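What follows is a pair of complexes built around chain A, which joins chain B in one and chain C in the other.
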Partner chain A sequence: MTNVLTGILTNSLQAVFAMLIFPGGLFVLALGLFLKGVDRKVLARLQRRVGPPLYQPVLDILKLATKETLIPDTANEGAFQLAPVLGLTGMLVTAALLPIGGVWNGVTGLGDLLILLYLLPIPAMGLMLAGGSSSSPYGALGFSREMCMMFAYEMPLIASFLAVAVRVGGAGGSGGSLLSLPAIMDYQYLHGPLLFDPVMLPAALALLLFIPGTMGSGLFDIPEAEPEVIEGPLLEYSGPLLAAFHLMSAVKLVVVLELAVALFFPNPLVATGDGGVMVNLLWHICKCLVLLMVSVTCFRAATGRLRLDQGFSFFVKYTSPLALASLGLAFLLR
Partner chain B sequence: MLQLLCKLASRSPWIYRINAGSCNGCDVEMATTALIPRYDVERLGCKYCGSPRHADVVLISGPLTLRVRDKVLRVYNEIPHPKVTVAVGVCPVSGGCFRDGYSVGADIDHYIPLDVIVPGCPPRPQAIMEGILKAVEVWRARLEESVCCHS
Partner chain C sequence: MPSTTYTLPIGPLHVALEEPMYFDIQVEGETVRSVELSAGHVHRGMEALAMQRNYFQNVTLVERVCSLCSNSHPATYCMAVENLSGLIVPERARYLRVIADEVKRIASHLFNVGIMAHLTGFDSLFMHAMEVREIMQDAKEGVYGNRMNLGQCIIGGCRRDIDDSTAPFLLGQLELLKPQLHELYGVFERDPLIRTRTQGIGLLSHAEARRHAVVGPVARASGVAYDLRRKAPYAVYPDLDFEVQTDTKGDVHSRALLRLREAVESVKIVEQCLRQMPGGPINTREVPVIPPGEAVARSEAPRGEVFYYVRSDGTDTPQRLKWRVPTYMNWEALQVMLANCQVADIALIVNSIDPCISCTER
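Showing the complex of A and B:
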């Protein structure tokens, strides 16, 4: 009895630690703001500008915290204030669930692809709630754009999740599929990263295109297009609530990058123990940085914005078939 | 501690532009010249934002024509405190070449307090940037005032 109790206690303590400090909470906030800073700096250098300092996102958050919060008269006050909190907490919980190769194996029993599928759209939901409750026409436009894009980019995401699950499950000999993220990572430690698996390459590409889609950068900067719908759902927000949205987007960036790393290239650099964890953590951050450069920064610097219908059909026509091709091949080669 | 917060916070001024009936000369200077690589204002932490609710530093150009007056005042009131205004060009101060025109009422500073004035028709980008820097100083003082009053 006591054993069970202590077991539960350590498990829940572990979960709380995971959510508040590492790998969720503080760690993910710091990493997210750092990645955002790198993104802005590198983008500026690519455009031959000097660019803001690396810690500029932190300054922005501090600044927003000192500003006044205005709530429009016609807005639905409760929903208006709930939206950023919902998005930020949802993302922080998701970040705590994601395992990091060679560092952290995730909360036991929770690193599941199905749960992630439910948690990942939360920021988009937050933005939609924000746009809908702010009673501004631009907010409503942003709301509908966000929803359209969500339908478009969820499809390749689900398909590439399934492709990975079927591939890993099939190789396990059971002929089924495997949805547990730690098990998927174990498979890759044994058989090499899925990124170098020719069958999974299209799915990896699809996920690479999903990242700018969900972050709304480059071609897919549609829901928050500044010159068109003046930042859409965020239009009416000011002060700390806006800061919460910026933090949400920073954490979301980390979450999607870490997810892609866990699915396709989680392999640690060295064995754990004797400071190996620190090396692996740095290695993990390096992987996130490279992915950020490829899928967000360079993509954003090289491309303009698509129209909503073009963005939608881009995902339906090009990205989803890539992921579905992987899924089909994985099924055939089981 | 609060002082430090204000000091750090004042390094992220977000800029919002209001066109109060300008001839577009000043707007071109603000939009294209001051944000191209050569005079990158992002290195000061500045960011052009589309919504008045995100703004800290407001750049106003144009003589405030009768037609846009109420709308400009409404937008100005939607900017959260603390904020500073920069008048770009001679138009906001005196009406410039539109002075005494049929469509121009009183000068802007009858309605909106102008903190920094950047004269010129249109002013050079360097002058606009210097104006922004001056405005940031004013803004920092206001920030300290408001943060220390709240606590």
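Showing the complex of A and C:
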């Protein structure tokens, strides 16, 4: 009895620590703002601009946090205030659930792909709620664009999740699928990263395109397109609520990058122990940085924005078939 | 009660518009159903102001109508006053005016295609176009001492000569510009994203272009070969060898490409001018007597035909000064171009006529 209680207590303490300090909470906020800063600086250098200092996103948040919050008279006040809080907390919880190879194995029993599938659309839901409740026609346009894009990029996401699950489960000999993220990582420690598995390469590419899709960058900067819908859902936001949206976006960036790393290349650099954890953590951040450069920064520098219909059909025509190809192959080869 | 259309207010202040203009747009889903234009947000009363200043002060005033065609306005105004007073401008001055006009045209066209890239979200291309344009900005600053308002035209000629020190510099800048302009044209012509976003939108047929009497690159991209430099030659254009660029597609993409081709032609024109320019005085060095009467002058500004009317009662201030700018002729055609387009394309289509609101609402 005491053992069970201690177990529950340890588990809860572990979960609280994960949510508030590491790998969620403070750590993910700091990493997210750092990645945003790197993204802006590198993009500026690619465009031959000087660019803002690396800590500019932090300054932006601090400035917004001290500003007044203006809520339009015609807006639905409750929903308007709830939207950024919902999005940010949803993402902070998700960040806490993601294991980091060689550093952190996740909260016991919670690192499941199905849970992630439910949690990942929360920021989009937050933005949709924001656009819908702000009573601005631009917000409404942003709402419908966000929803269309979500339908477009969820499909390849689900398909690549399933491809990984079937591949890993099939290799286990049971012929089934495996949805636990720590188990998927254990498989890769033994058999090498899925990134170098030819069967999984299309799914990896699909996930590479999913990242700018969900982050709204490059070709897919559609829901918050500045010259078209004036940032759509965010148009009416100001002050701390807007800061919450910026933080949500930063945490979401970390979440999608860490998720892609966990699914396709979680392998640590050194064994844990003797400071190996710190080395692995830096290695993990390096992997996130490389992925950020490829899928967000360089992608954004090399492309412009598609129209909504073109963006939607891009995912239907190119990204989904890639993920489905991996899923089909994994299914046949299990 | 379910509503199928709703109003999307574009302007008067909108991030996609460089200047204040109001479009009352009825939208169904993401498709535009009707457009109402409303202007008058930045009216500055410059025509009334012009009637309170003398002819020479007005040169400075009309140069400040608009920054991107800030040489076309004083040049055309000076031509109108010279027509009225019968003043003959020295030939060298006419060459100098053409050089100033064409240098401004290159910079203006590059600015417009750059903004188009920005509106498609392709900011790297926008930065690159602006960097290419910077070559011309440097040329302007080096030759005229100013990046936007050149202050080159005065009644009876030009203020500043292009001499042995500035002519090689200007030629050098043009040499720098040529390969980059060529490269930029290739990017705009072939880049898949630019083509996906701009081809086939904002269509203006030849018939509609004639019906709305559009001018400038908008007309020429719809197959109307109307260029005042050839149709009603002024200054030294008859002596210069250049081709009027036309296209028949009449969409946003063809207008952008046409502007870039015109910039290439302008480079040729400036080079010819520098080669052919005769010696002699650059202005008449006299204060002309302006008799009572009226006169007009028109010229091809970067955006199309600009038209000046001046009436004198014999005093030192004009009794009436009136000008018609290209955007005034082009913006009504936006109703045709914007019909049934997508919300995402509104900004691109509006930008494709290169609207100059400060010209139009002087």
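Quick note on the criterion: the second predicted complex is superposed on the first by the 334 of 334 C-alpha atoms of A that agree within 3 Å, B and C clash if a C-alpha of one lies under 4 Å from a C-alpha of the other, contacts with A are read in each partner's own complex, and residues count from 1 in each chain.
Definition applied: contacts are C-beta pairs under 8 Å (C-beta built on N, C-alpha and C of every residue); 3 or more make two chains touch, one makes a residue touch a chain.
From a predicted model like this one, the values you see are computed outputs, not experimental measurements.
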{"item": "Which superposed partner A:D221 touches (first chain B, second chain C, both, neither)", "value": "second"}
{"item": "Which superposed partner A:L235 touches (first chain B, second chain C, both, neither)", "value": "first"}
{"item": "Touching partner for A:L306 - first (chain B), second (chain C), both, neither", "value": "second"}
{"item": "Touched partner set for A:A140, first chain B, second chain C, both or neither", "value": "second"}
{"item": "Contacts of A:E154 with chain B and chain C, given as first, second, both or neither", "value": "neither"}
{"item": "Chain B versus chain C as contact partner of A:D39, first or second or both or neither", "value": "neither"}
{"item": "Partner chain in contact with A:L59 - chain B first, chain C second, else both or neither", "value": "first"}
{"item": "First (chain B), second (chain C), both or neither touched by A:D197", "value": "neither"}
{"item": "Partner chain in contact with A:E258 - chain B first, chain C second, else both or neither", "value": "neither"}
{"item": "Chain B and chain C footprints on chain A, overlapping residues", "value": "47-49, 226-227, 230"}
{"item": "Chain A-touching residues of chain B, taken from the complex the two chains share", "value": "5-6, 8-14, 37, 40, 42-45, 47, 49-51, 53-54, 56, 78, 80-82, 143, 146-147"}
{"item": "Complex contact set, residues of chain A against chain C", "value": "46-49, 137-138, 140-141, 144, 218-219, 221-222, 225-230, 301-310"}
{"item": "Touching residues on chain C, where the partner in the complex is chain A", "value": "6-9, 14-16, 27, 29-30, 117-125, 127-128, 131, 193-194, 196-197, 342-347"}
{"item": "Contact footprint of chain B on chain A as seen in their complex", "value": "40, 44, 47-53, 56, 58-60, 62-63, 65-70, 226-227, 230-231, 234-239, 242"}
